[in-house]
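Report on the structure given below.
Naming follows writing order (A, B, C and D), and every chain is counted from residue 1.
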């Protein structure tokens, strides 16, 4: 059964230096509040997993939390590149960053395999691509029936997966909807799963066959309304596109980045204060 | 009424290529613009699929990102990311895949990974995303890329997504079907030559010369036997696109006001 | 885009002698009306696929429509054995029946592979079981990462899949809910998909992330209210358990079976008449 | 108040084995009765999973089949059949799997496929269903079977679902974890012996003699070092079971009246 700790308690209990963690979300429902808490608690040597690393992973990389990133597309959606990611890869700042690259399809297969208790997943992929040359966790196998060459990718089972969802009930059953990405697979692939939610309600009132994580598959549920800002939560709030656009300038230099992180994230007591400090700054 | 810029021209040329009822796997940027322009003009029943999960989406305005709420709200259904790639793309249900890239070579191989050496890159690009499987599994792919010498190169630094590999029957021999059918740039349209699979010029935009397009290309660019001048945008196309862009601008402004 | 023919037109167009067909449904939403139409049109040499063949496949086997059955569990749920199936296997009546046996997990993997454009699917299965000895479409492969022994099963792609659903809209988009079994995979694995529905509506009013087959994945939608009788349709009608219980006696002998089929199914003009003839019989 | 028959006794013994909060993969018949009895008595937070897709289902009455509507209506969630087997069973989320069979042998291998030869069987049984993977992947399996010489045999005619195979470490060597932890019959309870994995008698029901159980077994049945007499059903157990059965009877009658 899920616990209901505060976010800082939950991160302290679940996320340790050296862990492999996945904070999933495909544009929608990105667990920013949880990611900021990891940065503030100063975790180190993390392996971070995500199909579409964006601002949050850029922040974690720039703050030196990350040893390795497993990913498919690391950019600022609709805006451009991730400068802290690039600086780490191209110049080793703040330290060298190891990477393991897949495609969206292959990484979702790897997480699905992880959720399914399989050691690998298979797909029609990577034929003719250079990616397998640089990732030993992509291999080719031959179908014993058709003789087809298929790509096999090693299953991924994070120590901790963190997602943001619309609702949990008081037992800790979690409901999410809209663009659900690979969150369910990611949650089920992990040893422990932490979910931040907009609301805790008496009854989920879930439609039949909805995307639900039963309470007993979730380690901790934290009530963090607004916790996906500046991404969005379907039926709750829209994406703050301005924040994504502004990130480009903020993150371009090490100095502006470090100062912004210090001012807005490190000094804020919690995520609510972080958002307030941004508003204050923008007016 | 002239088109406002070459991006609009590329959008319109790409949109024309999309048949009604076809299933189109769409990325953000020009692909999304073109696919929605097609839907709002000659292809009202086109099925748009975004890799974040929405199927049959009919947005009134252009999404800024691939996972925007407007895509989910107007879709026939929204599935998970594993499902979109397995049941829908790999399942053979995508007629046209749209791709961009940082580099393309003369056999239409695409690079969206690194400029320079993989282990110590000059420029680290965002990476593959959904491109390798779209390139491998869509029945055909359309590629959109600005026409610059450093982008259209003899040999890409890194093959993220397979085009025709070394040309000829190399792609087929590797076990891949489909392949790039058209490369739309801001100077013209290239297509793979029947036998060699080398990209050759099939269309030039009005006012673009053969020398100009050759000069902007990183390999010794050749021309198809018949090179046509691209039809200028029609008033219908221009109006539909301008209205779409205007609706998008208003929606984004409204959104920002809500948020701050 | 889906067509909207009558059921008999749709079966005539889509189902041919020698085809591989799947009429799926896990207790819920079993497409009985469509199956009866296949029997009445006298199709022969069919390969029939289903996780849980029950009365409907028993009827098809007893009426001589079937050359081969691919399945995991052939019984009368909550009641007992399928007598026509047994008579075909044990005594070759009305003719010999070829079988290909899998488990529920493996057959759902095979259909999922079919839907996914893969030539095979993989699972942790069949180790120590005798089933692979008798089914050449089960093989073992070794995971190139972990060295684990995994079962591989050949993908199944029926010529036609037939399912029953709650609703379609006027474009032919199909919505089903409740116990959805392997219907979506089965539908997407097939060359052509036929759906019988309780209702055709203006708007599906589907919840987010519901189980939907878009119109363009469906060949034909037939409006057959009550078409899943005697199985059930969630939110429409309950299972007629009595019909399942009565089937045991009806199907026990060749004579009672043949007579019942003749009286109730072969003579009925359509599924509505079949149900009327049953009610008349039971009063 | 006596239990009405040995089936009820088997149900109660099986129910006792289920801990609160455990996740139980349930089939129809005695497993379903036992799991729901446990839920209504000492294990209110037990998680019941049926292979048709319902997870965390809490039916008031017993389902007649594995895909009954009542299972979907009272579940925390209902997933597809591929998902129930991949993410949930194979994903290692099932603590206890319940199995029945037509035959079991002394190493707890199960046959639900054929009596006699596979290619020309004496009796063709329904087949594997979900059993092979439940037997392979649940953390432990409980087996329920009537105690008859033709059912408890030296060697099953066909291994549908692996128990301890040839005994000893054969199962482990084959790469399987878990395994049958208890066989509940209508005479007593058998468990696999520590080293040999041969099924031996651990409990006898009140009034059942060693000779009687040996006589009803198709191999030379041995006894654990300590054999206990099974605790008779308590009043709580009997009342809860009777109420469940009564509710089920009423619900089914009502249903039939609606339908005919």
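Brief remarks follow.
One rule holds for everything that comes next: contacts are C-beta pairs under 8 Å (C-beta built on N, C-alpha and C of every residue); 3 or more make two chains touch, one makes a residue touch a chain.
Values in this document were obtained by computation on a predicted structure and should not be read as measured data.
For chain pairs A-B and A-D, the one joined by more C-beta pairs in contact is A-B. Centres computed as Cα averages put chain C at a distance of 27 Å from chain D. With centres defined as mean CA coordinates, chain C is found 41 Å away from chain B.
Taken residue by residue, chain B touches two or more other chains at 72, 78, 86, 90, 137, whereas all remaining positions touch fewer.
Shared contact sites, meaning residues of chain C that touch two or more other chains, fall at 112, 117-118, 123-124, 148, 178, 180, 184-185, 208-211, 234. Taken as a graph of touching chains, this assembly has some other topology, since it is neither a line, a ring, a star nor fully connected. Across the complex, chain D meets chain A through its residues 21, 23, 45, 47, 55-56, 72, 76-80, 86-87, 90-93, 137. Contacts from chain B toward chain A in the complex involve residues 28, 51-54, 64-69, 71-72, 78, 80-82, 85-86, 89-90, 109, 113, 118-133, 136-137, 158-162, 165, 171, 174-176, 252, 255-256, 258-260. Partner chain D is touched in their complex by these residues of chain C: 26-28, 51-52, 71-75, 77-78, 81-82, 85-86, 89-90, 101-106, 108-109, 111-112, 123-131, 133-134, 148-149, 178-182, 184-185, 211, 232, 234, 238-242, 244, 279, 282. The touching residues of chain C, when paired with chain B in their complex, are 1, 112, 115-118, 173, 184-185, 188, 206, 208-210, 212, 214-217.
Of all residues in chain C, only 117-120, 122-124, 137, 139, 141, 143-146, 148, 150, 152, 154-155, 177-178, 180, 207-211, 234 touch chain A in the complex they form.
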